[in-house]
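Naming follows writing order (A, B, C, D, E, F and G), and every chain is counted from residue 1.
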Amino acid sequence: MSKAPKIQPLGDRVLVKTVEDQEQIKGGIYIPDSAKEKPQEAEVVALGTGAKNDKGEPQPFNVKVGDKVIVSKYGGTEVKFGDQSYTLLREDDILAIVG
Amino acid sequence: MSKAPKIQPLGDRVLVKTVEDQEQIKGGIYIPDSAKEKPQEAEVVALGTGAKNDKGEPQPFNVKVGDKVIVSKYGGTEVKFGDQSYTLLREDDILAIVG
Amino acid sequence: MSKAPKIQPLGDRVLVKTVEDQEQIKGGIYIPDSAKEKPQEAEVVALGTGAKNDKGEPQPFNVKVGDKVIVSKYGGTEVKFGDQSYTLLREDDILAIVG
Amino acid sequence: MSKAPKIQPLGDRVLVKTVEDQEQIKGGIYIPDSAKEKPQEAEVVALGTGAKNDKGEPQPFNVKVGDKVIVSKYGGTEVKFGDQSYTLLREDDILAIVG
Amino acid sequence: MSKAPKIQPLGDRVLVKTVEDQEQIKGGIYIPDSAKEKPQEAEVVALGTGAKNDKGEPQPFNVKVGDKVIVSKYGGTEVKFGDQSYTLLREDDILAIVG
Amino acid sequence: MSKAPKIQPLGDRVLVKTVEDQEQIKGGIYIPDSAKEKPQEAEVVALGTGAKNDKGEPQPFNVKVGDKVIVSKYGGTEVKFGDQSYTLLREDDILAIVG
Amino acid sequence: MSKAPKIQPLGDRVLVKTVEDQEQIKGGIYIPDSAKEKPQEAEVVALGTGAKNDKGEPQPFNVKVGDKVIVSKYGGTEVKFGDQSYTLLREDDILAIVG
C-alpha cells in the first residue's frame, strides 16, 4: 500500500517494515502478549552497507529484502513513512526468518 | 501434536520447544521451583545458520534436532505456534543435553 | 542561512546540522514523537580525521558532507553556532542515509 | 545412594553433586556461614564437551570426574535428580580441588 | 596571564586550559547551557607521553599544543594552577578542533 | 599451629592464610580501618594450576609459597580449616609482596 | 622522615607516598576541593614487577622512583607505614608527572 522510503541503512543495520499487532504473518507464528522479551513480526525492506571485517571488506547479510523475520519489539529505532512504521536495527537483532 | 513452525533461526541461535512445567523428560531430571536461576527442559527443533568464525565460515553446533536439553527459563525469546511455546535462544544458553 | 562553523571533528566523529522538529526532510520520513529511542533528521557538515585501524591508517567514512541522515536524538554532543544547532557524534551513531 | 543422572554438560560446563551443608568432605575444610561469597563443597559428576580454542579444538579440563571441589554456592544452575541436588556450572567457577 | 604549569601528562592524556563560561573562542561557537552532555571550550597546553601500540611504540596525537578544542565539561580531572583551571583528559575525550 | 589444608587452587588462583587484624607482619605495615578499599595482610600457602596463555601453556606466578602479601580484604572466597581462615583469590588481586 | 616500607608492588602497580592535603608540591599545582574527580599529589616510592605483554615480557614504566605525580584521590588501595600514608595503584591511574 505504501511505497518503501528511500533509506540506506549504514553498516550492519537493516530496515524492516513492522507488521501490525493484530496481523499474523504466513506460517502461523503467534507472539504472546505476555512474552518476557516481546518479539515482533517484520519484513526486511532494505539492507545496510554491510559490517566490515578486519580487512575493511563489507560482509554479506543472512537475510535478504522480502524476508519475513522475527525481531525484538524493543530493539532498534522506529521511523514512520506515511502511516507505516519501520524499524532500523542491527542484523544480529533479527532472531529468525519465518516461512 | 503440533507441527513444528517453519522458522530458520539466525546465527548461533537455536529454536527449542519448551516442555510443560508439569511434565518431566526422560531421565527423571526434576527442576526445583526454588532454583535461583530457573532451568527448563526443552527439545531442539531447529538449528541456526551458524555462528561465523574470523574467516566467515559457519561453525557446527554441539546439539542436534531432537536433543532433549536444559535451558535457562528466562533466556531467549518466547514465540507461540498454535498452543505450543517455543523459544529462540543462543546455543551458549543451552546448559546440557539430557538422556 | 548560517555559515557552517569551522570545526574539525576528531577520529570517527562527524559534525551534523540538526533539522528542526517541525520540518521534514526530502523523502517524507516522519519521526513519531512517541518513538522509544528518538531519532532525528540531520545533515552531515564535516567529517572527522578518521578512525584508525591497527596499522594507524585513517579509515574512510560511509557518509559524505551534504548527506541527509537519521541520527539518535540523544546521541553525541550539541553545540550551537549562531542560532543553528549542530551535533558532534561518532559515525556509528548515524543510523541511515535518507533520500 | 542415587544414580548420577544422564546429563551431558555443554562447552566448558561441568556437572557437580553438591554436598549437604551439614556434611564436611575429606580434608576438614569448613565453610563458614558468614563467608561473604559463600563457597560450597561438591563432587564432579560429569565434564562438558569442552570449551573450544580459536581453531575449534575442545580444551582439556583441570578437574576430572570424582574430584572433590569448592564452588561458589550461588554460581551455576541447580537441577534435582530424585532427592539429590546437582549444579551445572562453568569450570572457571570451580575455585579449587580438595584432598 | 598565568604561565602554564610544568605538567607532563602520561599515556594518551592531554592537559588543556579550560576557557571561562562567559567567553567565546574564535569562530563563534556557543555552547548552550541546556546541552545534555555539556561541552566546553579549551586550549591544548601539553601532550602526554603517548598511547602505545601493540609493539610498545608511542602513537602520535591528532591535536597539538595551542589548538582550540571542544571537550566534554565533565570528562577528565580538573587541577588548578594559580587562578587558572586545567583539565587532564584522554585525547579520545576531545571532540573537535575549532577555528 | 594449624596444618595447611590440602587444597589445590585452580587456574590463576592462589590460597592465602589471612593474618588476624590485631597482628602486624614483618616490616611494620599497618592497615588503617578507615581505608576505603580495605587491604589485608596474608601469607601465600598454595599456588594454582596456572593461568594458561593462548597456546594452553600454564603461566608462572609472581608470588611463591611463604610470601607475605597484601590483598584486598573483600576479594576472593573465604574458607576455614579448623580455626584458621584462608582465602582463595586470583593472583591479580594480590597487590604487593611485603618484607 | 619515615623510611619507605619494604613493599614490592605486583604487575603494573606502583607504590606512592601521598602528600598531605595542606601541602603543595613544587610547581604550584593546587587541587581544588570542589574538583569532581578529586586528584591528589603523590611521590613514586616503588615500581611493580611490570605488566606483561603477550610474550610474557615485563613492560617498562613511564614513571620512576622519586617522580612527583598527580593521582586520583579515590584510586588504588591505601596502606600506612608508621604515620605515613601510601597508596598502591595501577600505573594507568597516574594522570601526570609534575615539576
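Going forward, a residue touches a chain if its C-beta (ideal position, glycine included) is under 8 Å from a C-beta of that chain, and two chains touch if they have at least 3 such contacts.
Which chain is which protein? Per UniProt: A, B, C, D, E, F, G = Co-chaperonin GroES.
Remember, it's a predicted structure, so these values are computed and weren't measured experimentally.
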item: Chain labels contacting chain B and also chain F; value: D
item: Between chain F and chain A, distance of the C-alpha-averaged centres to the nearest whole Å; value: 52
item: Centre distance in Å when chain E and chain G are each reduced to the mean of their C-alpha atoms; value: 23
item: Centroid spacing, where centroids are CA-atom means, of chain B and chain C in whole angstrom; value: 41
item: Sequence positions of chain C contacting 2 or more other chains; value: 54
item: Ring order of chains, beginning at chain D and proceeding to chain F; value: D, F, G, E, C, A, B
item: Touching residues (chain side chain B, partner chain D) in the complex; value: 27-32, 35-37, 39, 53-54, 59, 62-63, 70, 72, 91-92, 94-99
item: Residue ranges of chain F touching chain D (in the complex, touch as defined); value: 5-11, 13, 15, 48-49, 54, 56, 74, 76-82, 85, 88
